[in-house]
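Each structure below is given as structure tokens.
One chain, chain A, links the two complexes that follow: it is found with chain B in the first and with chain C in the second.
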Partner chain A sequence: MRSFSLIDFASLFIALRWTVALVVLALLFGAPLALGLAMGRISRFAGLRWTTAALIQVIQSVPLLGLLFFFYFGMPVFLGIQVPALVAVTVAYTLYTAAFLGEIWRGGLEAVKQAQWEAGACLGLSAWQQFHHIVAPQALRLSLPPTVGFLVQLIKGTSLASILGFVELARAGQVVSAATFQPLLTYALVAAIYFALCLPLTLWSRSLEARLDGSR
Partner chain B sequence: MALVEIRNVHKTFGKVEVLKGVSLDVEEGEIVTIIGRSGSGKSTLLRCINALESVDSGEIRVEGQKVHAKMPGLKKFRQRVGIVFQAFNLFPHLKVERNITLAPLLTGRIEKAKARALAEDVLTRVGLADKIDAWPEQLSGGQQQRVAIARCLAMAPHLMLFDEVTSALDPELVGEVLKVMEAMAKQGMTMILVTHEMGFARNVANRIVFMHQGRVWEQGPPARLFASPETPELASFIASAK
Partner chain C sequence: MNFLPLWRYQNQLIEGAIVTLELTVISALAGLVIGIAGAVALKGRITPLRWMVRGYIELFRNTPSLIQIFIVFFVLPNFGLKLPAFEAAAVALSLYFGAYSVEIIRAGLDSIPRSQIEAGQCIGLSGWQVFRHIILPPALRNAYPAVTSQFVLLLLGTSLASQVAADELFHVAGFIESRTYRSFEVYAVICAVYFAMAMSFKALFAVIGLAAFRWPRRR
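Entry: the complex of A and B
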């Protein structure tokens, strides 16, 4: 047994890079996929609407832990090749992010009145221009609070990757606590770091909301 | 050749036949007002003219070009035919200037350097030059509708459609919008309006078209139509609209 030292403190911060890396990977791949799912959900084509709705339903209904296990143990079985754990974890977090963000953004898109699309069309804009310049910016503002809410969920959700061997913040906390026998101090510190990570996001979201809505 | 030629147009929504064989010509420079009770098919006809709705049978030609939702060059066509709606439909996330210049810029009609001048020009024409930097929601309904008209004018359309553009306005704001439309009429813009403003129909339009049960029931110059309607349906409509 040793006392809590600067090294333990440092090891928590070093572990933070996995937390951040997992969030970045999830957003990097998950956000574009979420946009695709959201657009599929409001598509003119019924087949596409049903497929994306089913996909979202399935992913949302499975616990994140289940997704992680499924891809970690499942991918080698289904694909017949050994994939690095990072790939399996990235796939799981990507789908998780895509399903939840996709549904949040769909709500935002649908909250923008149909007449806004129409007004754009009547001015000779293409469907993409209507989306990009008229509907998406309004939908984004409406979706911002739940989007950031989900982001905070995602940050905390990365702690589950520890069960697959990733020494991210939560797992590092376990290790440090075991080494120092100072669980209270250690986990308080871990919690503080999570808090410090999420608070700026919420603040940033508020300022962005105000900025996107210059008229109010 | 008339600017707008409508030939035996039918349109059904679900089981309801809204247009039951409408034929109508509108000449260049003409101001045509469509009147009639709710559900008579006025707005639907207007929406068919710029292909917001497609006709089931019959045809609509504008400048000789057959109009429908899948026509080639639909985007170019819509730039030539402006439409103003009852609910204004300004873009709430953009300032007045950007509301006006968005489409001209995106469609390549003007360069970025000339965008503000264009916005100033069309806003002057609707009497709102001082609102160029305002947000839509800072404006009254009448002002918003005039911005919507200016937004259309910025595309320099050949034909303008007005779909009950004063119906959502407080009575004291109706006049300012009608005044703008009257000025446009004087400048020779071809206009087709659906309206409940009988005074405007009487004083500004060249021709009144009375629609009833999905058909053009009666049409003619306003003076004659209002003074001596030929059908009992129009007579009772005029009586009820007073």
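Entry: the complex of A and C
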């Protein structure tokens, strides 16, 4: 047992890079997949609509902790190969991000009126051009506030990686708490750092929403 | 792949699922009470109280649920409040659910146009009658989808209580895995159980919603 020192303080901030890394990885792989799912959800092909809807429904109805454990402990045993921890965790966060962002973006795409697609078609634009130049920019504007809101969920969700032993912010907090025997100070500090990360995003999301509301 | 070794643990699984449901329902009910009280305070005239509620909402919505559970379980004993794992998780999850509920209920109340309330007053309804007959029914309908989807997220979020060793479903999963070493099968089954519970609640809420809010929408 020792007292809480500057080093403990620093180790929390150093661990923050893993929190950021997990968020970046989840978005890097999750966002393109989410776009695919959103487009699948509004596709002309019923089969594609059903498959993407089912996939999203399944991922959204399972705990994030369950996804993490399934891919971290379960999948390597099933496949019979060594899967690096980072890969397993990235897969879980990617699916989580894709399901939630996919559903948010579908909402944005569907909120753009059908007449906008038709207007594009009248101008002789191809289906892809209608999507790219007419519908997607409007949908993006509409779905930006909930997207930023989801980012907060994702940042908070990365704390679950601590359970698998990833030394990100929450895990560093546990380590420091155990070493210094100062849970109050440590967890208050950890919570404060998460708060400092998430609050600006929450406020930004709210101001985006207010601005959208005014333009209607 | 072999699911047979899990069969003899079915009683533990069922007990775990029951604890999960208890934790969810208790936290949801306590959270709704917090939500209603908070929404009333936000609508009230006492400025310091409004600030406190706002602070509470932002604090609990912008920090991870896991850290909140840790703080209740590991930090509160320093102040002489030593809660067992289940109770600690219930307190933390209630406060987390409560923070979201306040916002949802406030948004539901705000969705009633001022003119409807004034119309009620014009035909001579009392303050309580205006609330009971004009504000409450449409506010409930507007808040209902958000509350129910938040409830399902709470159900999934109770899995975090396993980290302070509350013996709910996810904790049972860890126990079975340590006995059988069947990680893939255990977590596949556990995810399936959560999925079944979540889908059942979604279906139940959809039916209740259809039955309870039958009057037509304003076009």
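Definition applied: the second predicted complex is superposed on the first by the 200 of 216 C-alpha atoms of A that agree within 3 Å, B and C clash if a C-alpha of one lies under 4 Å from a C-alpha of the other, contacts with A are read in each partner's own complex, and residues count from 1 in each chain.
Convention: a contact is a pair of C-beta atoms (placed from the backbone, for glycine too) under 8 Å apart; a residue touches a chain by one contact, two chains touch by 3 or more.
Note that this is a predicted model, so its numbers are computed, not measured.
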With both complexes superposed on chain A, which partner does A:81 reach: first (chain B), second (chain C), both or neither?
neither
Which partner does A:46 reach: the first (chain B), the second (chain C), both, or neither?
neither
I'd like to know which partner A:6 touches here: chain B for first, chain C for second, both or neither.
neither
Which partner reaches more residues of chain A, chain B or chain C?
C
Which of chain B and chain C A:62 touches, first, second, both or neither:
second
Please work out whether A:124 is in contact with chain B alone, chain C alone, both, or neither, and reply first, second, both or neither.
first
Could you list which residues of chain A make contact with chain B in one structure and with chain C in the other?
none
Residues of chain B defined as touching chain A within the complex
50, 52, 75-79, 82-83, 85, 87, 89-93, 95, 102-103, 106-107, 135-138, 151-152, 155
The residues of chain A that touch chain C in their complex are 57-58, 60-67, 69-70, 73-75, 77-78, 152, 156-157, 159-160, 162-163, 170, 173-174, 177, 183-184, 187-188, 190-191, 194-195, 198-199, 202
Can you list the residues on chain A that touch chain B in the complex?
113, 115-116, 118-126, 129, 133-134, 137-138, 141, 212-216
Which chain C residues qualify as touching chain A in the complex?
1, 58-59, 61-68, 70-71, 74-75, 78, 152, 156-157, 159-160, 162-163, 170, 173, 177, 182-188, 190-191, 194-195, 198-199, 202
